[in-house]
Structures are given as C-alpha cells and as structure tokens.
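Below you'll find a set of structures to go through.
Both complexes below contain chain A, partnered by chain B and then by chain C.
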Partner chain A sequence: MAIQTNTGTDIKEAFIRAFAPEAPNGQPIAPAVKESAAAALQALQFPHKKNEAWKYTPVQPLVSKAYIPAEATEPEDISPFLIPELEADVLVYINGKFSSAHSQIQHNKQLCIESLRQLSSQGKAVVEAHFGKLLNKDDIFAALNTAYAKDGTLVYVPKGTVAAAPIHIIQLTLPGQAACSLQHRNLFVVEPLAEAKVVESFYSLSTVPSLRNAGTEIFVGENAGLEYVKLQLEQHTASQIDHTEVSQARHSRFSIFTITLNGDTVRNDLQIHLDGTETETHLMGIYLLSGKQHVDNYTQILHKQPHCYSNELYKGIVADQATAAFSGKIHVFQQAQKTNAFQSNRNILLSKSANAYTRPQLEIYADDVKCSHGATTGKLEEDAMFYLRSRGIPEKQARKMLIHAFAGEVVEQISLEAVRTYLESLIASRYE
Partner chain B sequence: MAEEKLLEAISEDEKIIQEVTGQKYKYGFVTDIESDKAPKGLNEDIIRMISAKKQEPEFMLEYRLRAFKHWQKMKEPNWAHVQYPPIDFQDIHYYAAPKQKPQLNSLDEVDPELLKTFEKLGIPLQEQKMLAGVAVDAVVDSVSIKTTYKEKLAEKGIIFCSFSEALQEHPELVRKYMGTVVPHTDNFYAALNAAVFTDGSFVYIPEGVRCPMELSTYFRINEQNTGQFERTLIVAEAGSYVSYPEGCTAPQRDENQLHAAVVELVAMDNAEIKYSTVQNWYPGDPETGKGGIYNFVTKRGICKGRNSKISWTQVETGSAITWKYPSVILKGDNSEGEFYSVAVTNGRQQADTGTKMIHIGKNTRSVIISKGISAGKSQNSYRGLVRMMKGAENARNFSQCDSMLIGNQCGAHTFPYIEVGNPTAKVEHEATTSKIGEDQIFYCNQRGIDTEKAVGLIVNGYCREVLNQLPMEFAVEAQKLLSISLEGSVG
Partner chain C sequence: MLKIDQLHAAIEGKEILKGFSLEVKPGEVHAIMGPNGSGKSTLASVLAGKEDYEVTSGSVSFNGKDLLEMEPDQRAGEGLFLAFQYPVEIPGVSMVNFLRTAVNAVREYRGQEPLSAGAFLKLMKEKKHMVDLDSDLTKRSVNEGFSGGEKKRNEIFQMAMLDPKLVILDETDSGLDIDALRIVADAVNKLRNEERSFIVITHYQRLLDYIVPDHVHVLHQGKIVKSGGKELALELEEKGYDWLKEGALGV
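== the complex of A and B ==
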C-alpha cells in the first residue's frame, strides 16, 4: 500500500490535525494547560537538521506522511504481550486507548493507577497539580502531546507507600488501513518516602507505518524511589517520538531503562532535573538495531543542586544499514558543588553500512565536581571471539554470547527478575 | 641524590613562577610606527586596493573577489559557546602596513622602533638568531619585514618567505595549493580571510628534504583598530619533514581586535609536518573582559599522501575569545594525525577550541589530547569531531579531554562529536572534569610552597603530556605563560 505524503507549507497543519482531531477544550484534564499548549503550538516549528538537538535525525520524512488517527479496536487475546512470571498490575492500551476489559489492577490497592480518561476525584486532583508542569513547552512534539493527548496512565503513589507489585503498562498498536498516528501521556507521581516500579512495553502488529508521539512526566518526591523500564519492541514500521521529563526531590532515587530492540525511527528525549540535593539517578539504555532502523537517544541531566550523583550508561549494537545516535549532556549548575556525574556510551558496529553517532557532552559551571564521560565505537572484540572459537564454540553461538555479555551490563541492573529474564531471551533471539 | 634533583626541579619551577608572578601583561605596549592604512570598511574597492598594493597576480584578485562575494552571503556563526558584542565588519581597517621601505640589506636599515619591539618580544633576530638557530619571518601587522636564514634554507631548496613574496616569486605553487585545504567557502571567517588577507608565511619543502631548523614566525598586532588577517600555507613534498613553531603576543589596548587567520598544511607521501603554537594575545581586562583579542582561526591540514603525518600542538593562554579547531583530514592510507592542546582561560576569557579528525584512508590513526584549565570567570570548551568515513578500514582514534576548574565562577565544557561509519574502525573517547587537587596543594603548602606557586606547579604537571610535544625553547616559554595566565586565580 502506498503511503501518502504531505508536501509544502501545510505539513505542520496536516500533522497537527492527524494528532489532534478534537479541540483541546472540553477535555476532562487540565483544560487551561492544554489550551495554552495548543496556543503555543501555533508558533512552534518542526526541528530541522540545523537544530543541534536533531542533527542526526531527519524529521521531514517522519512528519510529512499523511497520518490518520488510529482506530480503537479490541484484540481477542493480549497474553502474548504479558511478561512471563511478572506479577504486576497490568494496564492495556490499544491504539492509544485504555482497554478496561484487558487491564487488571488488583495488587496495588493503596495506589491510584488510572487511565487519564477515567480519573477518580483523587486522580483528578493529582493531575491538576502536576500535569504540564514539567514537559518541555518549546518542543513542538511535546507541546502537541500536552495539548491533544487524550489518554494515558496516571500512577500516583501516596506518601510512605511502597507499591505491592510492579505496574506494567502495555501499549499495543493494531493494524490500520493507513499510516496511523498515536499519542499517549503518562504522569507518575511518587510522594515522599514512597516507592514503585513501572514497566512500559510497546508492541505493534501493524504493517503500515505508524507514529507514536509519547509524553511522560515523572515527579519523584523526597526520599522516594522509582524504577521505570521502557521496552520498545515494535515492528519495523512503527516510529516513535518520546519525551520523558523527570523531576527529583531531595534524597530521591530514580532509575530509567530505555531498551529499544525494534522499531523504525525512534527518538527518545529524556530530561532529568535534579531539583533536590543528594539524589541518585541511573540512566541506562540498550539499543539493538538492524535493517534500516534509526534510533536517537537524546538525554540531558541537569544537576541543579549540590551532592547529587548520576550515572549514565547506553550500549548499542548496530547492524545492516541501521543508524544509532546518542547525545548525553551533563549540565552542572554553579551551585551544584560536590556533584558526581558519570556517563558512558558504547557502540558496536556489525556491518559496513551501519552508522553510529555519539555526542557525550559536559557543561560544567561548578568547580568541586567529579564528572567524566567516555565513548567507544568499534566491532565485536576480536580476541574474545577468538578465545571462544578456540574452545570449539561455533561463530554464531560465540557471537550470541558476546552480545549477551555486552547487553548484560545494563540488563543485570534491572531489579525485576522476570523482566530481566524476558529481556535476555529477546536479546538472545535478536540477531538470528 | 633524588631529593636534590627534586629540589632543583622545584627551584627551577619556582624561578619561573617567581619571574612571572606579580607582573601585569608583560607584552602590553604599543610601538609607535607610522603606518600606511586603508580606510575603514570593506568593499570590492578595498580588496582591489589591497591586491594592487601588493602587486598581486590577476588570479589572486579574482580569488579574493570570489571569496568576498561568498562572504557577503554568509552569516556569522553563533554555535560556539562564547559571547561577545556583535562585530561591525565595516568598522575595521583591512590593510595597514608599516612604513613602506625599499629592500633592506642589513638590520641597520630597519626602523629602530621596530627593532625595539622585537627586542622586547625576545625575537632572536640579531645575536640571538645565531644562538637559537631559528629562521624568523617576523610579521609586524601585515607586511613581512625581515627574513633570515634564507640562504641556508635555499641551499636545500626550501622556500620560506612571506605570502606576498611567494605570490611574486612562486605564483604557480601558491595557485596550486592555496584554498585546497580551506576553501574560501569553508566558513565565515575563512571567507573573510580569503577576501582580505594581507600577508602570512609560505613554506615549501621539496621532496626528501628534512628541514634542518625550526621555521618560526612571530606575529604581532601593532596597529590600533586593525584586523589581522594572516594566511599561512605549508606544503611538504614526499618524504620531507618540517617543524613550524608559531608564537604571538600583542599590545594592550581598549578596543577589541579581530584576528581571523587561515593556516593550510599539505603533507604528501611519507611527509611530516609539525605545527606548534603558543598563543598569548592580550586577553582583555581581567575584571571586565574589555579590550581582548578575538581569535577566530581556521587551521586545517591534509595528509594527502600515504604514511604522512600532521601534528598540531597548541598552548592557548591569551585572547578574549578563542575560536579555533586545528584539524586533520587523513586521506592517505596509513596517515597519522595528532592534536595536543592546552587551553588556559582566566579572568573573563572564553575559549571554544578543539579539533576535527576526518578519517578517509585505510589504517589511519589519530590522537587527541586536550587539557583545559579554567579559572576566574572564564569559560573553556573543548569541541571536537572524529569522523570515520566508510573507507576508513582499521582506522583508530583515541581522544582524551581533561578539564580542570580553579574557582567556582568558571565553566569547563566538553562537546565531542563521534561519527563512525566503518565497523573495523575503533574510536575511544574519554573526558574528565575535576577541580585542582586539594591534597596536592596541601602537599606543596606543607613543604613551604605557597598556594599560587603550587597551582603553577600542578598545572604544569597536568599539561606535561602536551608541553612535551613542543620544541625545546617553546616549552620553556609555554611553562611561563601557563603560570602568568593563572596568576591571581587562587586565594
């Protein structure tokens, strides 16, 4: 099926229409924020190659497709998308719309886990207090999401509560007739002394192109902890632009895992504000690419307060004609003394046509800090390969082992064993 | 025994530091020489005038005009991590020459004012020239005054002269190589330079010749309100070697001065070019940042032949703004590129400097060692690119960018770009940022070395990897410069 493309000056208008069939007003959540975002959208433009932030990802082909909003349909069985042996509260979204029939929330009675479309009065109050407070207002995609995203997840962990079970959000894209647009919005609020774990996984069964514009805001309160695992496992037709923005209060802990095993063009914008002192942050990522995939991880960590610790590790394998881009910025503000910030990006290229772009950046305005970054790009370790081969392990098997070990450094830091096992099996079958 | 040596080493360092602490910008003076100046502003007529004054061949004028046309279409770059008030390019004298004199035969004929300038700078032009064994092409403002050791070099077939002289005597060489590494369309300042450059140096090393001495040029900006647009071209033919140290100082003054130089290096098969810079232009008032030099330089070399090598070493301590990325295009198979840099910023200085290593050929190697030191209220950025093209089989790069912060008002930034398109290429980059070691200072204090001297010592040690790459006499000067630049940054 031929996918139509838009041209000329109406690209932006057509694009916005595809993601915003309804007016922002009359919506149940934070109407004022949404309206102001919609107004701001008018003045914003799509980034082009000259924008430093989008240097390695061409936006034009992505936004010029003629998308139509994805229809909401119901699949019969969602069990293939569950993570084996993960006892979790499951929320299922089909083409961006919450499916109460498939969702099951039974473990975490004390938490407030809801679809943004069906908010309780408590949920409403949380949303009013936090929605749109964090997400970048100058980015066209983020603004579009803020203005028009209709559904998504609210996870609210009240003060002093430790979630009884992890929360698993499944985002499923089903086949449509034409290139479809999807949008969802997450809001995670973890109150002081509370703790939770969230897994969000993306699947698509569609063979026509789709573009998901995702937005997530996360507030981690004082002494609170949150672990967030994002599994991007979509088809090679599915593109995604994701904006995740996090605010951490004093003494909080936050870990995020961005795992991209599939998809077409995937752009992950991650921004973390360390608004309190003595925080701990882990940013982890794996991307295993093949075909013509294009994955761009754009991360920023803003050390605004003293005594914070951050550690970033992104590892990727790039095969075929795929392209991987990584940008990591550590920004240390002047008062953020005693900052410890580390960052590392490692790439392995498996083919001649693969490309890897890395921009590890440090911007430091405080003197009493320890900051470092490292980046390497090369091929699979020849010595290690030789070692394995010399012990009679066939090349294919040896390669698998090396890739397993390479990704293992990130995978093993995920605290949920079921997710770890699931991910390991996915990685093992990735380059077969 | 070892202790004695250590003490000796310390006292040596101390001597150097002592010598330089407590003095103001040493080279801040203005020599009074009558000058031949073009009116302010830039248009085709000015360019024609410059070209006519220098009696240039026709192709040069055409080239200048082409560059000027292109420049008019370009925008000033604003991506660097520096801030400065907008430059009025029509408020600059694009040509200034010291009093034109007929050909000089001996030093006696040189303007005595000029000789005094040289003396203050310590240029080994008279007796020193014998001792130092350095052939000096001294550029005062824009016209070369005196070239020494020419005969000795000529014996070997080496051409070392001012750019304008080269245009008169070797136009075919200039025409063949000029603009091949840095085309006039390259960037805003390179285009401007191509249009209005007044002079510079030209070096040509014939096949198989190893240049017997360091070829050195001292630049000096002398005329008030004069932009300085130098152009250097070094061509090393197959199997040749040349080392080219370059150093600069400038008088103290109130108005910002623009300096937009272009340096092009071409290395053929098995040739090696070593280019060292010690830059110490007036950094501006330490409190207000007023009056310093704007140093917007385009430096690039191409390893055209197999097994060729280009090495950049720089010690950047001066200038209000430094915008400089000495780069190497590694085109020939097995060619090698090196970049060793120390950038020190103090007061209100801003530096955005680094390198580009473009790997095209097979088995190409590059090394980047960058040490940034920021003190006072300065901003110091490393910005670099390592690109492995599809054909760069087994290419290798190692980069290390360390930053040191002294005081909590300054900034140190690192912006590396790594682009790899070949799976057999291996790229490694690492960077660290930390403050100057408190325990190291404490150690020195404990042994009776005060904090300011201790900082000088530690910084010199920190930069040793780079300083070691400099020619001997340069290394000494560089050590002094490092200490001067960090004066008053502690306590």
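== the complex of A and C ==
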C-alpha cells in the first residue's frame, strides 16, 4: 500500500486535521483549557532543523505523511498483552479508545482509575484542577495533545492511600487502512503521603505506519511516591512522540523507566520539575534498537529547590543502521543549593553503521552542588566475550549474558518483580 | 596431545610468534619462561583462540584435530583451559550463573547430561574447598572487585570445575604470596595425572619447586631458544636471560 505524503504549506494543517477531526469544544474534559490550547496551536510551528531540541530527529518525514485517525476496531483477545504474574488493575485502549470490555479495575477500590471519556464526578473535579497545568504549552505536539486528545487514563491516588495493586495501562494499535494517527492523554495525581505504581505498555499489530502523539501529566504530592514504567514494544511500523511532564512536591519520590524495545521513530520528551525540597528522582531508560529504528530520549530535570537528589541512567544497545539519541539537561536554579544530580548514558554499538549521540547539558546556577555526567559508547566488551567463550560458552549465549548484564543495571531497579521478569525475557528473546 | 609446528602469529601487523614449535604429550608438564614481551601470553591467547591475533603460518593439532580451525568455546569443549594472566571483570554476570553455564556448555559439547542444580552445587562446593576460595566470592559478579590473588585462585577454581585435558597457566603465580602459591600448586598437583597436561608460563623458579616440570623452555622473540629439564629453570634464576639472548642472536 502506498503511503501518501503531504507537501508544502498545507503540512501543518493536514497534520492537525488528522489528529483533530472534531472541534475541541463540546468535550467533557476541561473545555476551557482545550480551547485555549487549540487557539495556541495556530501560532505554533513544527520544530525546525536548527532547533537544538530536535537536532537528532528529523520531524519532516514524520509529520508530512498523510494520516487518518485510527478507527476503534473490534476488540481482540488481549491476553497476549498482559504481563504474566502481574496482579494489576488493567485498562485497555484500542487505537486510543478505552475498552471497558477488556479492562478490569478491581483491586484499587480507594483510587480513582478512569478513562477520561467516562469520568465520575470525583474524577471530573481532579481533571478540572490539574489538566493542562503542566504540559509544555509552547510545543506543537503537546498543544495538539492538550487540545484534541479525547481519551486516556486518570489515576488519582487520594491522600495517604497506598495503592493495593499496580495499575497496568495497555495501549494497543490495531491495523488500519492507511497510515493512522492516534492520541492519548494521561493524568496521574498522587496526593500527599500516597503511593502507586503504574505500568504502561504499548503494542501494535499494524503493518501500516502509525503515529501516536502521547501526553502525560504527573503530579506527585508531598511525601508521596510514584513509580512509572513505560514499555514501548510496538512494531517497526509504529512511531511515537511522547511528552511526559512531572511535578514533584517536597519529600516526594518519583521513578520513571522508559524502555524502548521496538518502534520506528520514537521521541520521548521527559521533563521533571522539582518544585519542592528534598525530593528523590530516578530517570532510567533502556533502548534496544535494530533495523532503521530511531529513538530520541530528550530529558530535562529542573532542580528548583535545595536538597534534591536526581539520578539518571540511560543504557542502549544499537544494532544495524539504527540511531539512538540521548539529551540530558540538568538545570540547577540559583536557590537549589545542596543539589545532587547524576547522569549517565551508556551505549553499545553492535554494528559499524549504528549510531549513538549523547548530549549532556548542565546548567548550574547554584554554587554548592554535586553534579556529574558521563557517557560511553563502545562495542560489546571483547575481552569479556573472549573470557566467557574460553570457558566453553558459545558466542550467542555469551552475547546474551553480557547484554543481560548490561541492561540488568536498569532492569533490576524496577520494583515489580513480574515486570522485571517479563522484561528480562523480552530482552533475552531479542538476541536469540 | 598438543603439537605446535612452526607457528607464526601477528597482532596489528606486528609479528610476535616467529616459528614456535612445541610438542606436549599426555601427562607432561612444560614450563615456559622468557623475558617480558617475548610472546608468552600471545602464545596462550593464540592457543585459546583470541580473534585479535592472526596466525600467518604454522599448525597446531590438539588430540589429532586442527585447533586453529575451532572457535574458542569449541576449544574449551575439547579440553583446553587457559588461566589468564589478567582475568577479566564482568559486572552483572554472577559467578554462579557463569559457572553453571560454562560447566553445562562443555558437558553438552562432550555429550554429557547437564548437571542438576544439586549436583552442580555439590561440585562447586568441593572445588571451592580445593582452592580455598572464600564462599562469598561465588556470590559476586565474575572477578568484580576481586583482589589480584583472588582472581588467580578463581582461575584455578574454574580449571577444576571444567575438567580440562590441557591447562595453560599464564603467570598464575605472579602476585601470589607463598600460602596462596601453595594452594594453587596443590590444586594443580591434585589434577595432575597420566592424561592431563600442563603448560606453565612463569617468571619464577619458585613455582616450579611446587609444580615440578618435565621440560623447561625459554621463549625469546617469538620462538624457543633453549629447552631442558627442570634444572634449566634454576640456571635461569641464577644467570638471567642475557646469555641466551646472545646465543639466540648467534643462531
């Protein structure tokens, strides 16, 4: 099937239309915020080649495709997408639309876990109070998402509540007739002294290209904790532009794992605001790329308050002609004394035509801080490989052991054992 | 068992082994001594199958098979074991997982059943005792944070686990105190038998007091310049290598 391409000045208009078939008004979610985002969209442009933030990812090929909105197809059997042994509340979205038939929310009675299309009155109140407060308003994709995303997940954890079970969001892309556009929007609000764990996994069964424009806003309240694991497991036809923005109140703890094992072009924009003192943040990532995959992790952590700790570790294995890009901005504001911020990006290239770009950006305006960054790009340790093989371990198995060990440094920090096991098996099967 | 004939090998275009020949019969212990940079570790690496080295000419047969044709893991399966001069640290790979994988890989190669978990642990306990290896070390990642002596003992421990036919010890004694040296030597002596052969690379006659060799060879500039019995090692200790270097040049 031929994929159509738009050209010229109508690119932006056609693109927006593909993601926004309906007017923003008349929608139940925060109509005023949505309308103002739609208005702002008029003036926003796609990032230019010279835009530093998009240095490594060409936008044009992504946005000039002619997309049509993905239809909500007949639900299929979703059991292949469940994570074995993970006792969780499960929300299933098919082509961006909530499927109540496949979802099961039974463990977390005290939480408010809802589709944005089917909000309770409590859910509505939470959405009104938080929606659109955080997500970057100057970014065309984020604005598009705010204005036109129609569905997604609200997780609201009331004050002092510890979630009884993790929440698993499954985003499934099913085959369409032509290149399809999808959007979803998440809002996670964890109130003071509350705790929760969210796993979001992406799959696609589509053989035609798709582009998902995702947006997630997260508020972690005072002394609250949230762990968020994002598993991007789509096929090589699926592209994604994700914006995740987080605000942490004082004494809060937040960990995010961005795991990209598949996909075509994937851009993950992650921005974390440390709005309170003494917070703890872990930004972890793994990407295993092959073919012509292109994955760009663009991360920013804003140390605005004193005594905050952040630790960032992204590790990737890049094969074939794939490209990985990592940008890590650490911005330490003048008053953010006693900041501890660490960052590291490690890449292994498995072929000569694989690429990895690392760009640390430290902007430090306070004088009493501890910040460090490091980056390495190399081949799979040849000495280690030879050592294992000299003990009788065949090449394939030796490589698998070393890759397992390399990714393990990140994987082992995921607190949910079922997710760890699942991920380990996915990584292992990747190098069969 | 092992027959090396006129072996020439190079790294990065630089020839290191220049016509090395040696025959090792079952049950024999050969010591190879020689000044720094003479090519001892190169020989060990070429025999174990390290890819960086290019064999430009010569042949090596191991139990009647062409050793140079085999992958490093096949060589281990055939019974070759190299105790490295500089054992590699492998963070994230646990000793237990590494050993179990290695033991079962060579067993599979040799047509044996894999060891059950229980049998494996029993074997490990027994061999650990043999080299007096601290129990905690097997709970760590391979060689990670091991002291120099612990790394060397770990090599001997692996040797005992893998039941090899030909063992190459590359300076396993360097950096060991006398107690550790005795433990290593005892382990080697326990494994010595009619079938199993050893090539012991060392700078020190001291090791050869414990592991008494059948033959001693001096390697200089990529080939053997002198061979003799165990008394040659004593002579080398007294006189150094210079008298041989000159002799070698005269050849």
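Simple rule for what comes next: the second predicted complex is superposed on the first by the 432 of 432 C-alpha atoms of A that agree within 3 Å, B and C clash if a C-alpha of one lies under 4 Å from a C-alpha of the other, contacts with A are read in each partner's own complex, and residues count from 1 in each chain.
We take it that contacts are C-beta pairs under 8 Å (C-beta built on N, C-alpha and C of every residue); 3 or more make two chains touch, one makes a residue touch a chain.
These numbers were taken from a predicted model, which means no experiment stands behind them.
The superposition on chain A brings chain B alongside chain C with room for both. Once the two complexes are overlaid on the shared chain, A:48 sits clear of chain B and of chain C alike. Which of chain B and chain C touches more residues of chain A is settled by the count: it is B.
In the overlay built on the shared chain, the residue A:133 is in contact with neither chain B nor chain C.
Applying the stated contact rule after C-alpha superposition, one finds that A:365 touches chain B and leaves chain C untouched. Residue contacts after overlaying the shared chain place A:159 against neither chain B nor chain C.
Look at A:350: by the touch rule set out above, it reaches chain B but stays clear of chain C.
Chain B and chain C, viewed from the C-alpha centre of chain A in the overlaid structures, lie at an angle of 70 degrees when rounded to the nearest 10.
When the two structures are aligned on the shared chain, A:292 is found in touch with neither chain B nor chain C. Here chain B and chain C sit at a least CA-CA distance of 11 Å once the structures share a frame through chain A. Taken together, the chain A residues at the contact with chain C in this complex read 381-384, 386-395, 397-398, 401-402, 404-406, 408-409. Interface residues of chain B, counted against chain A in their complex, comprise 79, 388, 390, 403, 405-435. If you check the complex, the residues on chain C that touch chain A are 48-52, 71-73, 75-77, 82, 84, 87-88, 90-93, 97-98, 101-102, 105-106, 109, 141-142, 158, 162. Note for the complex: chain A touches chain B at residues 52, 334, 337, 347, 349-379.
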